[in-house]
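Labels run A, B, C and D following the written order; every chain starts at residue 1.
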Amino acid sequence: MLSNSRSLRIEWGDCDPAGIIFYPRYFAMFDHSTSMLIEAASGVTKPELFKKYDFAGYPVVTTQGKFITPTRFGDDVEIHSAFTRVGRSSFEIRHQVIKAGMIAAEGLETRAWVKRDPDDKSKIRSHPIPEDLAARFRGES
Amino acid sequence: MLSNSRSLRIEWGDCDPAGIIFYPRYFAMFDHSTSMLIEAASGVTKPELFKKYDFAGYPVVTTQGKFITPTRFGDDVEIHSAFTRVGRSSFEIRHQVIKAGMIAAEGLETRAWVKRDPDDKSKIRSHPIPEDLAARFRGES
Amino acid sequence: MLSNSRSLRIEWGDCDPAGIIFYPRYFAMFDHSTSMLIEAASGVTKPELFKKYDFAGYPVVTTQGKFITPTRFGDDVEIHSAFTRVGRSSFEIRHQVIKAGMIAAEGLETRAWVKRDPDDKSKIRSHPIPEDLAARFRGES
Amino acid sequence: MLSNSRSLRIEWGDCDPAGIIFYPRYFAMFDHSTSMLIEAASGVTKPELFKKYDFAGYPVVTTQGKFITPTRFGDDVEIHSAFTRVGRSSFEIRHQVIKAGMIAAEGLETRAWVKRDPDDKSKIRSHPIPEDLAARFRGES
């Protein structure tokens, strides 16, 4: 399965009055990590992906977070992201926030590959992941 | 000129490790206050406004913020918003954050009324504000 | 078990280029809903709670989110929050986002009641929830 | 005067339903750019700065933003930040967001160097910037 890592600094504005990260900020970081993982798979940025494939996004259906050790402003962390399941029209990604060699936080998300409903453009429906892309998610090509 | 007020609570997640509001959050509050002021003018919510008028938004062109007294999580404040200038294709709004009867912060923003460029849909261009709406912004009807 | 509801408007700035809520914003909303639920239990705001009880916060240990129907800017929703478990030094809260009578999203969070570690003030340790407060969380008083 | 640049990607979650950056996000970026500029001046991260100098922060007093060309998710930008004035107890920083060689947005902020009020620890007061640090802000050492 494909994986990707990125480094980032926990910012002052990511943190709450307790001086530690305000946990919803982790999900914003995980969301971008997913985009970067899919960019690593596809070779194109998210706006280019929308042009390349006829689809409407990959919204999160369920997510789980586990916060083990707090991170603080000024902390340099790595986010390691990997596909853990690639289904027909959905996939699962696990994100790990690594601080000083230890897992500080973990996220697990299930996302659906969606298209606009042809009968009602305001609605979205799950749709098979393009096969070439699914193969790359699985690390097969 | 039309004005509008709304009450809100400064949240834990709005605040930084100093225990005071992280000032970019004020601009997010001001942005929603502008939407609420325009809703007061038009009688419809922002998505309905897009349906009613053929336009692409009212992006901020310039903004100024002045932070006089810090607000803290748990503080109940009022945001008082008023049009201060309504031009042909742009308008100015002043926001005041009132805490315990005093102005704690102030924002001044200039926004443009824009449409998609017919020659290049990825671009936007300023466009005259619909006259019925401009009249309401000015408090004339 | 104690429960509490609050109404809110999904804002333009809560939404992403797909026009639907950027899901990390739900967790920010859930965090404030938890504070409001605890305020309903204790009768005091969060800063007053810190003064009343000698503790360092109630950080999230694990959380789950389930996003059933997207919400969009302009949507008026209710967030219904309820304690689902009150333990010795941790508790569980379930948040439901109700849109037009239907559950649009759901969050489940486990939080720990913590104090500063007396041996190392930079660290926090879980600590028994004050008994009068735990009773109110359970809806017993 | 000291200056510093950093590169960043405009993220999906930074953008609004118009597909362009939600402008309060710029101020969050500027805030971190200021921290990075001060880190470049001092050689230490923000938490270490608090340990090194006896002070309570450098809150924004006034800010101005000018949004010239919208940035979109997937855009790679540079933020160039420079001191433009270093006073006795306040300083001014200008941030420029560079996209494809052009200034897409600009921010100008005045910040105060503050300490806790010895008579009332809940209050802050402006205080002279430590001279060694002010000299580095000015690019003199």
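Miscellaneous remarks
Basically, a residue touches a chain if its C-beta (ideal position, glycine included) is under 8 Å from a C-beta of that chain, and two chains touch if they have at least 3 such contacts.
All values reported here derive from a predicted model rather than from experimental measurement.
With B-D and C-D as the two chain pairs, more C-beta contacts join B-D.
Ranking all chains by how far their C-alpha centres lie from the centre of chain B, first place goes to A.
With centres taken as mean Cα positions, chain C sits 28 Å from chain B.
Chain centres here are Cα means. That of chain B falls 24 Å from that of chain D.
Centre-to-centre separation of chain C and chain D, using mean CA positions: 32 Å.
Looking at chain C, one finds that residues 12-13, 18, 22, 24, 28, 31, 73 touch two or more other chains. By the touch criterion given at the top, residues 18, 20, 22-28, 31, 56-57, 59-67, 70, 124 of chain D touch chain B in their complex. Chain D meets chain C in the complex at residues 12-13, 15-19, 22, 24, 73.
Against chain A, in their complex, chain D makes its touches with residues 9, 11-13, 28, 31-32, 35, 45-48, 72-74.
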